[in-house]
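In the two assemblies presented below, chain A is common to both, partnered first by chain B and then by chain C.
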Partner chain A sequence: MIAHNLVYHRPETIGEALGAFAGAEAEGLKPYYLAGGTEITTFSRRGLITPGALIDLKTIPECRVLTRREGSAVFGAGLTLNEVGECPFFPLLSEAAGIVDHTVRNRLTLGGNIAGMLPYRETVLPFLLTDTAARLAGPGGEREVPLADIFSRRLKLKPGEFLVQLRVPEAEAGLPWFRRRRVKQSRLDYPLLTICALAARDGIRLALSGVFDSPVRSPEVEAVLNDRSLEPARRAETAAAAFGLRARDDQRGSAQYREMLLLRGLEETIRELGGEG
Partner chain B sequence: MITYRGQAAIRLTVNGEVREVVVRPADTLLHVLRDRFGLTGAKAGCENGDCGACTVLLDGKPVKSCMVLAVEAEGSGITTIEGLRDTPVQRGFLEQAGFQCGFCTSGFIVNAHALLQTHPRPDRETIRDWLESNLCRCTGYEGIEKAIAAAAGPRE
Partner chain C sequence: MRRTGFRGRIISIVNEPSVIGKSYTRKDGAEKVHGRIRYTDDLQLAGTLHAALLTSPHAHAEIVSIDTSPAASAPGVRGVATGDDFPYLLGIYLGDKPPLARGRVRQFGEPVAAVIADTPEQAEAALSLIRVEYRPLPAVLSVREALAPGAPLIHEEMDKYARIPAILPEPGSNVANRTRILKGDPEGAMAAAAVTVEQEFSFPPGDHVAMEPRAARAEIRPNGTVVIRSSTQAPFVVRALMSRFFDLPPGKIEIVAPPVGGGFGGKAGIQLEGLAYLLSRKVGGRPVRLVNSREQDIVSSPGHIGMEAKVKIGADRDGRLTAMDLLYLFDSGSSADYAVNVSRAGAIACTGPYRVDNVRAESLCVYTNHPFATAYRGFGHEVIFAIERALDRLADQLEIDPVELRIINAIRPGDTSPTRSRMDPNTGDLPGCLGQAAEMIGWEKGSREEIGPGRVRGRGISSFWKAPAMPPNADAGVILTFNEDGSINLNSGILEIGNGTYTGLAQIVAERFRDDPDRVHVNFEVRTVHSPHDWATAASRSLFMAGRAALAAADDAIARIKKIAAAPLRCPEEDLDVAGGRVFLRDDPERGLDLAEVVLGYQYPDGQSIGGQVIGRGSYISRGLTGLDPETGEGHPALEWTLGAEAVEVEVDLNDGTFEVIRAVCAMDVGRVINPRLARGNVVGAMEMALGFSTTEGFVFDDRGRPLNYLLRDFKIPRYGEHPRYGVEFLNTPQKDGPYGARGLGEQGILGIPGALANAVSRAIGRPIDSLPITPEKIWQAIRGGGQ
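Up next is the complex of A and B:
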């Protein structure tokens, strides 16, 4: 049971959602945008957050878009992971959406996973590998910006802003891909390592989650991964070091274990995406 | 825009019947089903999205009702275990002894029923994908798997 009281808004338009957010703030109620609610309800029940108002984005038509237009695949932030998983537009994303269990995936959304508080945010990885544009709505109006400009460790939105859509160039969405997810025990566990990679003309692009405190893509790491003057095993080793970050160390896995998985994952990525030659 | 605050009267369609109920906007669907409607088939296990004991159908899709607010379910058709009568999955659970203490059973049945409505002849992989949403602490899953296999037609 969620012990505290809150106000619930179900807007039909972006403008209504922004108005509800501003209105709640003016009333002194802490507003949260609500998507799948899997994090908001469980965190509220445990008293980790106490939203004063929830603004439900799920029924705003722009947040539900799933289409191809003008050379891009467009994903609404309010799509559930099952809807994304069943969509053929971006095969690596469909695979990445296969986290948690089938029932939870009927509610959990793309926007909620990317904007959520837990450090994994696995569905952001495929987007980080492409020239994805993020459509945002906020008190200053709507804007479209490269996702890379607003995602650094986490999604950095302005106050009152929310994610409406993500737009991926189709040419990149169709690139050969590789994904490897390592967990402690069950497939449903949070990841010790999730690697997502694409084989582009200019070489392998790679982003990962689970090993460090947040999802990461690093140009330095990719430079090493694609340096064919080094033997593949040496490349993987040097690339792992090039992250320059400390691996997480918790009850799911020690830092040493995660580092070993990372090394193996990088070796596999090079092998699978033809980077050995 | 619809707004609910304080004590709000909403209409929910539960097992085909439209019912009015007064809720707090913070009330989860699980608690409203159990405490307001007396439909106690959906169980409060972990209330954290892990166990699936609270599974109900929203417009035919299984969801964990501990993570859905009752106000969010307005406008959707809600099906609980009480709304399923003598379905093949229920018969399968009886015939194959798919339960012991029964705490997890309604969640499993509701989920498996939705599975068979969507994939009448599911392959192994599809059964695994859907059913890993539910935990059982008694049976070791063998009886549950047999129950679902008995209810399903030949494989896809």
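Up next is the complex of A and C:
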């Protein structure tokens, strides 16, 4: 139960959403953008957040776009993870969207997963591997920026800004891919390790979640992964070290176990995508 | 519509296949699949106030002060209560639990204060205004710690607690109950054994995670009657305990018990009812609604018990078990609740279903600062996990096939149980079950099979047994009344807790009437004021005991029907038979009456009437049960034992320990299957529940005893789509005193799975796995550490 009152807005346009957000702020109600609401409701129940106004993004047409145009695949932030998962435009993304189960995925949204508060953000991984452009809307108007420029551990939005769409070059969306996911036990659980990788002309690109505190893609790691002067096993080892981060140690798994999973995941990525015999 | 062909075919009725053994659709099915069954909290009552509970953030702490005044003056608040308002100690067997913590909290999540307000939101909002100052105390984090010399005492006043005689607490320690078994000469036999194995086993406490969180609504009527609507498996236990704790005449307590959205033992005993009553009293008797949030249901209300065990087994060269020396330490958590009887049940079944002539066992129920424990499907028979793991070791040492070892030692009629009670001729065919389970799992392919690089399959087997753990005077009753069309209404004190028992009871009555079970209407809502007394819907004894009562009630009604019909049919009662909705002359079936003409009294054509309505009455009380000798455990506590075997096949990735349960099978001797589909549903559901607690569940604690995973985000239970292939077969050694030869099967499917799974994984990886839950990381650690 959410014990406090709040105002619910259901805007039809980007402008209305921004207006509602600004209006709520002016009234001193702490506004939150609402997508599937799974974090908003569960975090509110536990008193971790106390939204005073919710602005639902799911009815804004731009947030619901799923299309291919001008050489790009475009994904609206309000798509459910089932809608993303069932779409063939970006096979690695469809795979990455396959978290939890069908029923829950009917609620989870792409935008909520990437912009949300939980640290896993597994659907951001495929985007981090491509030249993705993020379309944002905020008090200053709309802008499109490279995702890489605004994603570092989490999505860095300006106050009042929200994610409208993500645009991926089709050429990259079609690259050969590899994904490996490991969990404590139930596959409906958060990951101990999720690796998403693409085989581009210039080599393997790899991003991961679950092992460290936030999703990462690292140029240093990729340089090692693609260094053919090293034996594959050695490459994996050196690449794992090149993250320079400490593995999480929590109720789901020890740091030691995560490190082992990481090493094996890197070996497997090299085997699958590295063009090694 | 299903055609049953019962009506109007009197002549051939005797040859009709019986309704016993057929998969009639469960009577609660439509209500449930449409989502329209009404559980406790689905009925709103105007004028009801809402309660919310503030709970402890510490596992063990002194309550220094509580300031409730800002909450008391918050909007909509009608009352605020703390432990000092309610100087009572509650508990089904051992009165150790204040309704709200008094002076000290003994676990994370323990209710400390309550707010009663006009709306749930107001109650919740006011909670945040209550200020509690705690002084943390050292927390007892395991049963071993609790038993160590100098351990903090969790209940210092244990000597003052009220208790039933069967429970033997040890004041001055953390032992809430100790049950001893001593049979034969365990020391001598162990010393003489050709082979011995000794090992320790454990699993953490957890939760049932029933879909319906516990709920209670209490009010005190102007005439003094206390009415409580509650999600309970045991309304009569609640009534009796409420009467005892609060000094109320039992007739002035009315417990209303709608169908339960999953019991699993968690709603046996007394739950929220006592506190709900006290809160209503606090606000002048107005109805007060107290409903657990999911998190409170997991952590503030009691859950699955944890256990640590040490098992030593001696055997001769041929694999015959000669001695067992057993120590079971059950983790009761902060209160005794049902746990003190769970540990006792573990003692009664301590050896598993094997003939062992020399046994020493100690089964302790130990307080810790963990969330407290209650009944959980299986009820202490989790000791089987420890026994079955140890037996697999023994099989390896003796180089005997694990199935063979179990068959050699399987308990048979004439053998004695650990409490030295003789297994009677009704004892099920355990060797047959073991053979059947082995065949179903593909045992002939071996217990370990390499299927690819780094991938192996493992197979494991386990026997199981269980008898109801209940008071020696546990009873059941059934009342049958009739409708104008001759159809029957069945009333009992059994709760629909998910098992579908009422469908079985309807079939039993229909069988006696040789009529269609659709003509037996059942009443799902139990009310202590008019339902016949029943001990509790627990211990897998409902179909057995209420089934016996139903048979008696049917016979009573049939006798009455014959007596009434004898006059208009002008014949002796003995010449009459009842079938197909008619009463008729056995030797001339055309001469008879429709039951509709008899059951509400027979009326002659001229208007004169005789007989009055037929009411069938039946009752049953368990037969020949006794308590246990405190020194040796000798006694006869078991109404009937259900025996069986289960086997599991897993596939393990040796590189990182990831595994999948491919198949799980069960062969159980249930005596007689009343409804195959329902029976299978119960068994498969139990197997799934076992796989849940064996692989994904169980609390994880921080170093101060606080559970980290009491949110469903973190406490993973099995979901649809995650299960293996299941196989279930039933054997049919009749339980001659059971209804149509049936015995209990509601819990038993849970019992062999933990052992079979651990055996399968251990065989696959070639290293022992002796604790639950079994996770990939645990397997990986075992593989890695195995070289030492």
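Going forward, the second predicted complex is superposed on the first by the 274 of 277 C-alpha atoms of A that agree within 3 Å, B and C clash if a C-alpha of one lies under 4 Å from a C-alpha of the other, contacts with A are read in each partner's own complex, and residues count from 1 in each chain.
Heads up, the rule we're going with is that contacts are C-beta pairs under 8 Å (C-beta built on N, C-alpha and C of every residue); 3 or more make two chains touch, one makes a residue touch a chain.
The model shown is predicted, which means the values in this text are computed figures rather than measured ones.
S.K.: With the two complexes superposed on chain A, say which partner A:R10 touches: chain B (first), chain C (second), both, or neither.
M.R.: In the superposition, A:R10 touches chain B alone.
S.K.: Should A:R107 be classified as contacting the first partner (chain B), the second (chain C), both, or neither?
M.R.: Once the two structures are laid over each other on A, A:R107 reaches chain B alone.
S.K.: Considering only touches as defined above, state whether A:D56 meets chain B (first), chain C (second), both or neither.
M.R.: The first partner, chain B, only.
S.K.: Quick check for you: in the superposed arrangement, does A:T42 touch first (chain B), second (chain C), both or neither?
M.R.: Touch partners of A:T42: chain B and chain C.
S.K.: In the superposed arrangement, which partner chain does A:Y257 touch: chain B (first), chain C (second), both, or neither?
M.R.: Touch partner of A:Y257: chain C, not chain B.
S.K.: Does chain B (first) or chain C (second) touch A:R153, or do both, or does neither?
M.R.: neither
S.K.: Could you figure out whether chain B or chain C reaches more residues of chain A?
M.R.: It is B that touches the greater number of chain A residues.
S.K.: Output check: A:L188 vs chain B and chain C. Expected answer is one of first, second, both, neither. What do you get?
M.R.: In the superposition, A:L188 touches chain B and chain C alike.
S.K.: Given the touch rule stated above, what does A:A20 touch, chain B (first), chain C (second), both, or neither?
M.R.: It touches chain B, and chain C stays clear.
S.K.: Classify the contacts of A:M1 with the two partner chains as first (chain B alone), second (chain C alone), both, or neither.
M.R.: Both partners.
S.K.: Residue overlap on chain A between the chain B contact set and the chain C contact set?
M.R.: After superposing on chain A, chain A residues 1, 3-4, 42, 101, 186-188 contact both chain B and chain C.
S.K.: Would you mind writing out the residues of chain A in touch with chain B in their complex?
M.R.: 1-12, 16, 19-20, 34, 36-38, 41-42, 44-45, 54, 56, 58, 100-104, 106-107, 186-188
S.K.: What residues on chain C touch chain A, complex-wise?
M.R.: 120-121, 124-125, 128, 293, 655-656, 658, 695-696, 700, 708-709, 711, 713-714, 716, 718-719, 721-722, 773, 775-777, 780-781
S.K.: Show which residues of chain A lie in contact with chain C when the two form their complex.
M.R.: 1, 3-4, 42, 46-47, 101, 182, 184-189, 251, 253-254, 257, 260-261, 264
S.K.: Please give the residue numbers of chain B that touch chain A in the complex, ascending.
M.R.: 1-6, 8, 24-28, 31, 47-49, 52, 55, 58, 61-64, 66-69, 71-72, 111, 129-130, 132-134
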